[in-house]
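Supplied in structure tokens, the structure appears directly below.
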């Protein structure tokens, strides 16, 4: 019985975590974006600073009619948002918030993340195809082509980390970054991977992550001025909310993965033992917040690329660089 | 040691197996009977996901996630892109409904294949039990793959190439159609 | 071969026939990048456009026919609705044509006021372009910044004319007594509102500032350059053949500006440069417009210094009757050459009014230029042509 | 061409002394192109061209006037359903005038080329092979006046729906709205302000 209780608690905590974090990120996007555009942004909902705006938006979406086009393949059309949301939610399962605060400490954690996150493409393709709309189909195809192209640099950047850490467990990777790297006299120095020669890998990972998220400058799949809303064109109501939540949840998820892989996860110099379990979530959230803000900032500053430019960027720059990065890291590892 | 049917049902793992296996079987069945190519592929996804889940149940986590990453995340997606770019009508595709003279041999072949594999598995393992919930260490797997099984491993990677070629072959017009 | 097989064969033949890789994509009339109700029927091969057929007319209001049953004074209320983004500028050539036809000359102060308002309209129109163009490329932030600044321009226009978009401010022989200038019942011509020039020059300082901001945010942006440099190149001979004018033509290296080459109002008394760029691509069309904002600021600053005092209206007969004749009057609108060909047979209404609207001619190049482009480039190219559907359909 | 409007002057007779710059230009342009005549009023130069010489004249003119500005038509009709009629209907010859304007991009030069097209044979050569921009203008003229442009392969309606009946810019085409409710005419033209007598000191109000 203990197992089932734990399972239920874990699922509920996970869902709450994902929901609140995506609501917070949505709010951050609304606010940060509006301040970058010299607007106020949400102001009234919730009484102060419009904090309840994301909730209000969510409620609004929930009560909207759930439309589906006449020519659509209803089953596939209905399942698509769940596939996308599922693939993003599953990422959270393996993210360690502290040495012991992890839902499932998978031996193959990183591998799991990559496998699961590749499923969202399936959902997007389903959405694009089943909508019976040419814009949707083109958007879905663009998304798939883009996600496949950027899956490679993403995986290759992760491979370098795995090589450096010598494990595929996310917890193990964090611990590898908290290990003493060298000592200055009596002062032990532990550095996250980004400071241990993984700058290139981190940059590649973040670029690929933004591309996986289909956000500006890589938002061709939903490019509003070209494909109206791409694969989202026909969606409304709760199904649209799923995609929307999924986008922000995976923003948090990928930022969390980036923070774990490159920035030392829940670790912070001087925080060890029980303190790591107590302060760990806060530290990780702080690191996630920085990355999320970076992604938001990019969105409100840049235009979008063109599909062919995006592809050539992935194949001619990111993948060779990522391979070089692996070679460097592996060489580094062999030498030291 | 043989187990009675009642004992079999008392075991939670067996229930889990049934919950996974029945949809997997159904999806496999629909994959070959579906009238729409995209739907057929999506059923194949379900059936592959079920297979992956069974692997994970057996403790072969790495293999399970490999099925997800390689088959669903790569092969199926490439395949879907291929057919969606070229021909992916919604609704029933008459081209996919095969005549009985094609179906019957296919069904016979399937049953035969099942019988052969089933016999081989039972013959090899008989009643030996697999310890549940004890994942195989990935490191061991890696060591095996890169020493003893390295050539089969590389050969298997051609499956991606096969998927690509299959996509192209599907996209090409038949000879009696106009050439692009 | 059985009959069943035969049928199967024919079925598959049909399905092969239908699997053409070309897809007909209907872009618009309700589509974010068409600025209103333009529809493009595009034959696309993947993302590559093989052929495109623009469909216009969703906003056709028949102004040329309507003008035949309206007096000259009434037509001024119509013409500023042609290109509503720069309403005032569409009035100017018409009123100049009518004045020429009737032999009336507006007082100098009225000419200067027209010049200032035309340039304000130009700035406002270009700011709309500068805000919407990056938006079409996916950058949302320049929109807010430059539309915020445009608000100052619209306020100035409203202050003088009473209307933000449709000023209807010109009268034959001068301009209307300005809004807020005092009682209009006393039948005297009111002047510009108090403090207008001060606020205008303040707004001009803001325009300089926003041009600098946009320069840093958009002009130097690598991604904007990737999307626009070398995209949609219009060589000068093609531009002339298709009747492109205004910034679109000047971006192709033809320094053709009616304010210089066929000066009207008092443009010959102010100093400004005709902005032209050699490339003919989307980026150059954007840059020409951005620089023209700066030039307009220069013109307005000079106009504020040079404007004389005096009446706003010349004496004109109460009932406006034009003599028989043909007159073609044109002006450099924000979007290019805007002209009216007025055929008068004597009387209060024109016999025929041909409106040479800018966006219409600028759009005639669409089928030629979009052929073989990618869909994302379609958006970039269409946006760079800066058209207004009201101006296309009239 | 005998039926040119009264303002037209025969090219050979224009050796008057007091010619304006625009008139001189019009005369020389007409002579260079071998057109039938010209008129100049209100700085608007019109060059009259034979219908058969329409395309070659304009192509020749585009050597010095490369900017294709617009193309349209005028319906000269003795009777009009709505709007202003012609001044002297009894002497007017019913006809279409196809008009096309070209201009220079270096100076103020420019001319409107006019070709007369009889109503019973409303057709003229198309400029589309030489000016890509002419296609839409010709389509517009075609649907508005029912003038055929020989050589324009795409003379489908531009503005109007495909099933629209009639040619709206013909003088014989009534304005439906006007039939339902008569326009008040110039009754509502606002009175012009009385200016010269008591205009304020303009600068005074602005400081």
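In order of appearance the chains are A, B, C and D, and numbering begins at 1 in each one.
Here is the rule we use: a residue touches a chain if its C-beta (ideal position, glycine included) is under 8 Å from a C-beta of that chain, and two chains touch if they have at least 3 such contacts.
Keep in mind that this is a model prediction, so the values were computed, not measured.
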- Item | Chain whose Cα centroid lies nearest the overall Cα centroid | C
- Task: Check C-D against A-C and say which one is joined by more contacting C-beta pairs.
- Result: C-D
- Expressed in whole Å, how far the mean CA point of chain C lies from that of chain D is 22
- Item | Centre distance in Å when chain A and chain D are each reduced to the mean of their C-alpha atoms | 63
- Query: When the centre of a chain is set as the mean of its C-alpha atoms, what distance in Å lies between chain A and chain C?
  - Reply: 43
- Note on the structure: Cα centre of chain B to Cα centre of chain D, whole Å, reads 74
- Query: Tell me, which residues of chain A touch at least two other chains?
  - Reply: none
- Numbers and ranges of chain B residues touching at least 2 other chains: 85
- Message: Help me check something: in the complex, which residues belonging to chain C touch chain A?
- Response: 23, 25-26, 31-33, 47, 134-141, 143-145, 148, 217, 221, 223-224, 226-227, 374-379, 383
- Message: Show me the residue ranges of chain A that touch chain B in the complex, using the header's touch definition.
- Response: 71-73, 76, 106-108, 111-112, 114-116, 118-119, 121-122, 125-126, 128-130, 132, 137, 140-141, 144-145, 148, 151, 168
- Which of the residues in chain B come into contact with chain A in the complex? 36, 38-39, 42, 45, 61-62, 65-66, 68-69, 72-74, 76-78, 80-81, 84-85, 88, 90-91, 135, 137-138
- Query: Tell me, which parts of chain C touch chain D in their complex?
  - Reply: 56-57, 60, 62, 64-66, 68-71, 73-74, 100-101, 109, 171, 173-174, 177, 181-182, 184, 187-197, 237-238, 240-245, 249, 254, 256, 261-262, 308-316, 318-320, 324-328, 337, 339, 341, 343, 345-352, 354, 356, 360-361, 363-365, 368, 393
- Going by the contact rule at the top, pick out the chain D residues touching chain C in the complex. 7, 39, 41-44, 46, 66-70, 72, 74-75, 82-87, 99, 101, 104-108, 110, 112, 130-133, 135-137, 144, 157-161, 168-169, 173, 175, 178, 183, 186, 189-196, 198-207
